[in-house]
Amino acid sequence: MGSLDSYLPIFFMVVLGIAFASLSFGASKLLAPQRPTSAKEAPYECGIVPTHEPARRFPVRFYLVAMIFVVVDIEVIFLFPWAVDSQSLGRFGLVEILVFAASVFVPFIYLVANGALDWGPIKRVRPVESQPDRTSSSTVRHVGPPNDQAA
Amino acid sequence: MLRVAFLIPLLPLAGFVILLLSGRKLGNPLAGWLATIMVAASFVVTVVVFAGLFRLPAGGRSYTQNWFTWISAGHLHVNMGLLVDPLSMTMAAFVTGVSALIHLYSIGYMEHDEDFPKFFLYLNLFVAAMLLLVLANNFLLLFLGWEGVGVCSYFLIGFWFERDTASSAAKKAMIFNRIGDAAFLVALFLIYERTGSLDYHTVFSHLGSVGEPSLVAMGVLLFAGAVGKSAQIPLYPWLADAMEGPTPVSALIHAATMVTAGVYLMCRINPILYRAPDAAHVIAIIGAVTALLGATIACAQNDIKKILAYSTISQLGYMFLAAGIGAYDAAIFLMLTHAFYKALLFLGAGSVIHAMNDDQDVKTMGALARLMPITAVTFFIGWLSIGGLPVFSGFWSKGDVLLNGYGFSPALWVVGALTAVLTAYYLGRAYLLVFRGQQRWVEARKPGDRAGLKPHDPSWVMSVPLIVLGALSAVGGLINLPIHPDLDFLDRWLSPVFASRLFQHHWGLGGVWTFALIDAALALLGVALAVALWGHASERPAFEPVVLQRAWYIDWAYDRFIARPSTEVAIETSSVVEAKGIDGAVNGFAWLVRSTARHLRKVQTGYVRNYALGLAGGLVLVLAYVLTRAS
Amino acid sequence: MSVSATWYLTLAAVLFTIGAVGLLVRRNVLVMFMCVELMLNAANLTFVTFARRLNDIAGQTAVFFVLVVAAAEVVVGLGIIVSIYRRRPGATADDLHGLKG
Amino acid sequence: MKLLAVLTIVTPHVNYVAILPELILIGGALLLLVSGQLVFAKIPTAFYSIGSGAIAAAALVASLVIWHDVQARGPFTTIADSVAVDGFAIVFLVLVSCILILASAIANDFLVREGIDGPEYHVLALLAGSGAMLMAAANDLILIFVALEIMSIPLYILAGMDSRRRESGEAAIKYFVLGAFSSAIFVYGIALVYGATGSTNLPQIASYLNTNIITSNGVLLAGLGLLLVGFGFKVSAVPFHMWTPDVYQGAPTPATGFMTALAKAGGFAALLRVFFSTFGVLRTDWQPLLWAIAIVTLLLGAILGLVQRDVKRMLAYSSINHAGFILVGLAAATSQGISGSVYYVFVYAILVLGSFAVITLVGGKGDENHDLDAYRGLGRRQPVLAFAFALLLLGQTGIPLTTGFLAKLYVITAAVRAHSYALAVIAMLSAAIAAAFYLRLVFLMYGVKLPVGSGGDEGALSLPVTGEPDDGLDPTGSVPTGVNIGRVVVPVPTAVAIFVTVAVTVVFGIWPGPLVDFVHAAHFLF
């Protein structure tokens, strides 16, 4: 158990924190008057009645960029070990890391070309081809099956 | 030159494939010609390979051509390959040669048949299978050919399947053959189990380490297979019924080639029989009894093809007799000459049947010799050959068998001699009833049937095979004359294959001549009997006892004591045991499975968390198990 | 002044179990996915602990690979989740049960 | 930092030829990915398909080159012992290449039919293929994990590729969540094994286990168990199989076929190598476990397949049944059993590709025509297609003269030799049950009416069962509404692919020599 000695301060901190929080909650429960109204029960108890729900959905583009960021960010993990010992790894290490960088870069080209990183108004990279068989009803199907509206 | 051996079975097979794809388009008679040419080409290739083999020194006349590994499972390795040696090439040569002639004959014989291309399709497939059987370098491939010829035989017996008799005859042949094949298969398992291989060379070289009981079992089981295929006691009745097939089929399959496969098998396994004399004795005795039995039945038959069928059974018995006593070269010699004269007789019978508007009863024929000279002369030659009259081929080959038989046991000789007399007699009877005497067919028993019948010799495509086979029957003995040691070509040619002979008796030249004289006397006795009894009469009930007409009641006994009781049992089984017991059990099991499934599928709820729970549950079970093993 | 490796391993096992249980009880696909990440990181902790105890660097390098794979999974997972749920606002994993039996 | 200081870094020797097939696939995939973007014109789908096929063919050639190498020099390892180049790996390299070639032909027609543009499908397929190859060649648990993910992640996306069908998305989510769960379990297993043996390298683990007597093996066995769970998920062994039917049914049909073939190949390659070769010493510990898993896998797959109406779902249960058979070979834990399993994987991959190719065609535009009724009378409408499908189904049944027969024979023989008679009997029993649903489909195509006495519903061996109209078949034979039984369009590439699979099934069924010999090369195991 001696090995846990170093954790003693942290342990005390945790105990203190929990004690303080429960103490405050308990005190307010005991001391404050309990007269709930519907206005008080609503969130944002600042007096202003909420008019609409907050936007739950971010634009898809937001997720997209976040995802791309995660990938590129994580690939950097492999750069660190190389950077630490790049001298002793020599030319072999350099070549390997360049190959690695290139293979990360190629999908990047794909992303850029597909407009994944374009903010603002959509600029079409490819010209829209005329599709004679495409009607308004088929376009609706592209967006989602008709029974989706019910869900 | 040996390298082209693969073409021998492949050419007829190619013919089969071509006919299968476009037989209808080729039509009549092109399909027949194509089939004939394929077989003839195969014969030419055989001759080339034969010559190549002949040029090798006598000790080195064995060439194995491996194509590919056919099956490789565990320790079982079976190569698809051919064995070219004197025995297989002799067989291949006569199979392709006789087949080519009979193909040619069939073009004429089947002229008016609607299913002309189909007939040749089966015929070509048969030849391919037969050649595979003969040329195989291992037992499994031999078995493949064995089954192949069986299937073709089944198709061809039932070729006119709209006739009830034909289709039931086909079934009968199939069933009798199956019994033999079952024994054959067991023999294969035994051979593989004991020697670890199915390759001839390997098997034969491992026999030394196999116990004698196993060897006897192998020999007897393989012989049981041969009994089915070659129509010996007790599995012979199918061959008489097989005459329902077209006559060329009877000539090719049920006289010259397929039925001799059993004899070939016995000769091929001579190293096994050498170490299992008991099995060999069984073969000799069964062969001898069959020979006599077949000959007696043939004496009283009226259907010309039945006479020939029982004659074939009898002659095959002769061959087994020879093989059983170790006189393999005599067996092969008899097989060759028999192929010539029996094919000849069948084809002659075919022309007669054609001429008589498909009537086969010898009692309603007569005096055809002047109207059909070619047929009559060739049939006459066939009679003298099979009867064993001196100089004709049968004289030499049958003499060879009898000679060896006497050396082994005089009892066998007596049976053989009796059979020889009967053989000359019953075919004489057939010849005289068909070609001599009164024109009994004129006074038609069935009115309108024979109106305006003008019997005549067939067209050249049918005559040429008759003439060629007639010539071969007459002089075929030349390939193996015992009168001088330098003249027995066949014996010396085959001797490397039959190195392990059970028994060998050397007669001096004097002995040989003595036996030849006795044989000639026996043959003349048979001929004299035939002429005396049937030269001027067509009805002699005393010499056609009912017991022989009914073939010793053996068919009747089969029907009475085996077929009917087993049918009863089968019906009983299907209505009671199968319907209530087995069906009930199967349906009950199916019901059980399905209701289990119906409950189990509810587990598959479609909810991801349930699936994850399944995964986690499995994980817990695995860990729980692991903890029981942990130390 | 050092904590015994057993405690780290126990912590990792506890984290792993929390992740597994969380995946079983939560309905939100994103949260389920976060639970998987928790399990992966428990494995990472185990790797590092063992590497330390065995004085072997291989375990530490393994963490790199696990991290990267986890990131790739995140990206693909998010992609799939977004593409499915953009058409079904407020959906949970339980709403997907069209395929069953 | 103290830790790093004591280690001197040795750069590993990399034999690039040894991993050439994988490099070709990855490089090819990247090239395919950008090729469309660098050219400012619309590239037809066929171009990508041909490209993908060509890349896979190049990988096949590279695999054969390595095969030649290994035959001459014997097996070797490279990249710091983390990649094994042995007969076992190469058998799977060849198999994966063949799968990719066939799959790209099949996918092409599907993509054209459904109007799915772009290289993504093929790129993902190639990447998944490289993952499967690496799984077979990996000689290090970490590399196996990475390879597993390289294979799985593209498969998750492929399952959800068809954005027009909501089932596709559902399949992707289910596959992904459960897949990630199993991966986490797998990694934790690796960590535990690493802790117990001090290495993640397979030969080092094996030699450690051979030379040391482990007094306390709890951690090791727990790790092994977790590894088994991870593998079990990938190869859909019961009880880790539950994703299989849903994903098979939901995924786009060509992707289902590809996924089945590839995941079985990759999953079993690694499973066989790790358990038989590395943890062979512990076989008395894991054999009973595999025995039990094999039995439930065999039975559950066969039984549940009986009551399916959707052909894809039926084949999903069939694939579970097949996984059970492959596990039978492993449960025998003999080299004969391993050969049997490898042969089985090889044969099954080809069979299932062909089967799903036919199902893709019958599925029709929209990929939704998968009810059993869509196959009613196919034998009359399109005899050739129906005959090919019948042969593939008979192959899966294990009828003699097809490759499937020998495959079943090998694993069952191995089980018998290893004296697990119960397993052999149950395997045969499950094959008999499974035969019922394969043959039902065959009978349905050829309109064979079973005798009335054998039960009400057509094709199934059963007594009439009341209730639940959705199992079995409607005995009246009328085609339900919504099932399209029009003529199926058979494009040439798919036709060729189906022909190849049928030819392999029949030719090597009649003449098994070469394929068996090739698979026996898997004996060159490290």
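Structure notes:
Note that the chains are named A, B, C and D in the order they appear, and that numbering of residues resets to 1 at the start of each chain.
Going forward, contacts are C-beta pairs under 8 Å (C-beta built on N, C-alpha and C of every residue); 3 or more make two chains touch, one makes a residue touch a chain.
Since we're looking at a predicted model, the values are computed, not measured.
Between the chain pairs A-D and A-C, more C-beta pairs are in contact across A-C. Our note on geometry: chain A versus chain D, Cα centroid distance of 35 Å, whole angstroms.
Note on chain placement: the centre of chain A and the centre of chain C lie 16 Å apart, centres being C-alpha means. A straight line joining the Cα centres of chain A and chain B is 84 Å long. The mean-CA centres of chain B and chain D are about 50 angstrom from one another, to the nearest whole unit. Contacts with at least two other chains are made by residues 601, 604, 606, 608, 612, 619 of chain B. Listed for chain A are no residues, as none touches two or more other chains.
Multi-chain contact residues of chain C, defined as those touching 2 or more other chains: 20, 23, 32, 61, 72, 79, 93, 96, 98-101. Applying the touch definition to every pair of chains gives A-C, A-D, B-C, B-D, C-D. The residues of chain D lying in touch with chain C in their complex are 3-4, 7, 142, 145-146, 149, 153, 156-157, 160, 163, 166-167, 169-174, 176-177, 180-181, 183-185, 187-188, 190-192, 194-195, 198-201, 245-246, 249-250, 307-308, 313.
On the side of chain C, the complex with chain B involves touching residues 20, 23-25, 27, 32, 93-94, 96-101.
The touching residues of chain A, when paired with chain D in their complex, are 84-85, 88-90, 92-93, 103, 106-107, 109-110, 113-114, 125-126, 129, 141-142, 145. Only residues 173-174, 177-178, 181-182, 185, 215-218, 221-222, 224-226, 228-229, 232-233, 238-240, 242-243, 245-246, 285, 288-289, 300, 303-304, 306-307, 336, 406, 409-410, 413, 433, 436, 453-455, 460-463, 465, 468, 471-472, 511-514, 516-517 of chain D touch chain B when the two sit together in their complex. On the side of chain C, the complex with chain D involves touching residues 9, 12, 16, 19-20, 23, 29, 32-33, 36, 39-40, 42-44, 46-47, 49-50, 52-62, 65-66, 69, 72-73, 76-77, 79-81, 83-84, 93, 96, 98-101.
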